[in-house]
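These notes concern the structure reproduced below.
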Amino acid sequence: MSEIETEEISTEQPDEPASEAPARSAALVMAIAEAIIFVSDEPITSKILGEIIGEDKQTVQAAIEELQKEYEERSGGLQIREIAGGWQLATRTEYHEEVRKFLKTRPSAKLSLAALETLSVIAYKQPVTVPEILEIRGVQSASAIKTLLEKRLIVTKGHKETVGRPMQYGTSKDFLIQFGLNDLSDLPSIEDFEDLSITALDQQQ
Amino acid sequence: MQSTTEQYSFNFLTEIPEIVGGSSDELKLKLGEFAGPLDLLLYLIKQEQANIFDIPIAKITNSYLVYIRLMKSLDIAVAADFIVMAATLIEIKSKMLLPRDPAAASDAEEFEDPRKELVDQLLEYEKFKSAAQMLYERSTVEQAVFKRGAIESDDNNAEISATVFDLLTVFQKIVLRHKEEVSLEIEREEISLADMIKALRKRIFAELELNLLTFFEDFHTRRELVTAFIAVLEIVRTEEVKLVQKATFGDIFLKKVGVGSN
Amino acid sequence: MSEIETEEISTEQPDEPASEAPARSAALVMAIAEAIIFVSDEPITSKILGEIIGEDKQTVQAAIEELQKEYEERSGGLQIREIAGGWQLATRTEYHEEVRKFLKTRPSAKLSLAALETLSVIAYKQPVTVPEILEIRGVQSASAIKTLLEKRLIVTKGHKETVGRPMQYGTSKDFLIQFGLNDLSDLPSIEDFEDLSITALDQQQ
C-alpha cells in the first residue's frame, strides 16, 4: 500500500493542498482523519479521507500511518487497522473476552417492533390469550411472546375458562420497572394524549 | 384542534421579529417567530424600552393589537391564547383608566396594581425563555459531536428501545389497522347488482331526471363503480329509461321515458 | 473526583489473566475500559464497566478519568465525555465540519422556539402537567409536547393525583444525551436566569 514515499511531502509544505483549504499541520490532518475513521461505518480509504479533508492522498496516508503508530505505542484498548483497502478503528484483540462479555450484557429493554406490538396488546388488554392477540395484531405472535417471557416483561396469568383453556398473559413487575410505571393505572390512555391530537399520532409512522 | 395553536409561527420561523419605526407614527411590524402571547408582550415592552415594573399599558396594548391585526390580515391563524391576552390587556387598561376610588385609595392595602399579575407572569416566563436559550446553545454544541459509526459486532437495527408513549402509539396503530381490515371485509360484501338496479330505479322514479355524474359520485371503490355502471346499462336496456345529453360534451342524464321529454 | 491513586498498582504485574482477575494494572483497566466504551452504543457507567472488568467502581472511575486526561493531552480527533451518568467516546467539536461533510449530514433539525420553551419548562418543573405548562408559557403547548415525545426528549411520568388525573411529563435520558448533560443537576438553576432577565430588562432603561 505504501509504495509511495511520503516523508518529503509531509514535513514540508503540503504545497498542493487539494481544494480550497490551505496547508494544515500534520497533527491536524491526523486528528480529522481520526474523527472521520471513528464515525465511519465502514473502512475508509485514504483517497476518500483526502477528498474530505482537502489534502492529497499521500499526506493523508502518511498521517494515518503516523496515527496508527501512535495507537500502537500507547497500547490502549483500540487500534487503527487497514482492512479491505481502508482504515478502521477497532478494539484490540487482547480484550475480546471483556468486550464480548459486555456485548452480552447489554440492556435488555430493547425490543423488536413485533415484540413491542405484542407487549402493547398484552399491556392494554390483559389478561389476554394468544388467539386474542392474533386477532388484534393479525399476525402470529409466538416468538414475540417467547422473547417477552424471557425478558420477564410478561407473565402467565392462568388458563382462560373457554374451549381449549388457552393460557392468558399479563405484564410483570419488571414491565412496570422498565417502563417507569408505578402501577398499571399509570399506563397512559388514549385520552391522555387527546390534547396532543390523536390524528397526529398515526401520521408519525 | 388545539395543535393549530402554535402554527402561527410556521411562515416565518427564521425571521427575527422587529418593529420598524416609520416616518409616520404608524408602527410597522416585521413578523417573526413568537412562541406565545407572553413572548410577544415581552418583546413589545423591550421595544418600548419600558420598565417591566411600570408597563405603559395603553401603549403596549395598542402595539399588541396592531400585531394581532397584522397577523389576521396576513391570514395567519391567530391562536386563541393570543386573543385571550388581548382581552386581558384591554381589561387592565380600562381598570387603570378608572379613577381610583378615593375611599379605597386611602387604604393602601386595598389598592392593587392591575398590572401586577401580568408582571409576575412575565417575569416567570422570562426565566424559562432564557432557559430555552441555554438549551438551544447546548444542543448546538452537542450537534457538533459525533458518535462512532455502527460496528460489525453489534447486531443493531431491528431493535428499538421503547417508552410508554411508544407502547400506546403502537397499540393505537394496531387498533387502527384492525379497524381497517374489518371495514375492508364489509366492503367486500358490498351492494349487489340487483340491489344497485333497485336503488337506481328508485332514484330515477323519485327524481325523474338523474345526472349520471351525481349518481356515480356516491360510489368510491372500483367495484362499486363497475356495479353502478352495469346497473345503468341494464336499466336503460330493460326499463323505460333513456340516456339524455343536453349539450355536446354536456352531462348525461337518466330520464324516465314519457316524462317531459324533449 | 480522582481521590484514589492508582499508580502504585500499575507498575506491578500485568501478567495475571482476565476473568476473575485480582489487581490489574491501571493501564490494563484503562485499555479495557476504552475498548468497552468504544463498542457501547450508549454512555456506559463506571459501575457496569466495573462489573465487566471485575474491578471496583472507584478503580474504574479513576482509570477512566486518567484516560480522559490522556485524550485531552494528545488532542486528537476524539474525546471521552461524561454524559447521562456514563462515559462516551465521541469526536471533538472542532472537527464537526469535516465530519459532517463526510457523513453528508446537515445539522439536524433544530427544535422550534415553542418546543424549546416547553422543554425548558418540563426540565425545570418536572414532573409537570399540560395545564401547568400552559400557565407558565401562556400558550397551548400540545404540538410541542407531541414533538418532544416523538423525539424522546420527554417521557410520561404517571398521572397526577388531582382532578382529572392529568398526565405528567419529565425529561428522558435522551434529553441528557442530546443536551450533553451528565444529570439534571448539571442544569443551571432557574434562579440564575431570574437575575439575568431582570438586569437585562433594567439595563434597557
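Which chain is which? They are A, B and C, in the order written, and residues in each are numbered from 1.
The rule we apply is simple: a residue touches a chain if its C-beta (ideal position, glycine included) is under 8 Å from a C-beta of that chain, and two chains touch if they have at least 3 such contacts.
Not measured: the values here are computed from a predicted model.
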### Summary
Per contact tally, chains sharing the most pairs are B-C
### Task
With centres defined as the mean of C-alpha atoms, identify the chain lying farthest from chain A.
B
## Note on the structure
chain A and chain B have mean C-alpha positions lying a whole-number Å distance apart equal to 37
### Query
Taking each chain's centre as the mean of its CA atoms, how far is chain A from chain C in angstrom?
17
### Query
Could you say which residues in chain A touch two or more other chains, in rising order?
35, 38-40, 89, 99, 103, 107, 180-181, 186, 188, 193, 195-197, 200-201, 204
### Message
At least two partner chains per residue is the criterion; list those residues in chain B.
### Response
2-3, 146-148, 151, 153-154, 163-165
### Query
Tell me, which parts of chain B touch chain C in their complex?
2-3, 5-7, 9, 13, 33-39, 45-46, 49, 51-52, 79-82, 85, 121, 123-136, 138-148, 151, 153-154, 156, 163-165
### Query
What residues of chain A sit close enough to touch chain C in their complex?
27, 30-36, 38-40, 52-53, 67, 70, 74-78, 89, 91-92, 94-95, 97-99, 101-103, 105-107, 180-182, 185-186, 188, 192-193, 195-197, 200-201, 204
### Footprint of chain B on chain A - complex, ascending
35, 38-42, 89-90, 99, 103, 107, 109-113, 116-117, 119-121, 123-124, 136-138, 179-181, 186-190, 193, 195-202, 204
## Note on the structure
Seen from chain B, its contact residues with chain A in the complex are 1-3, 146-151, 153-154, 158-178, 181
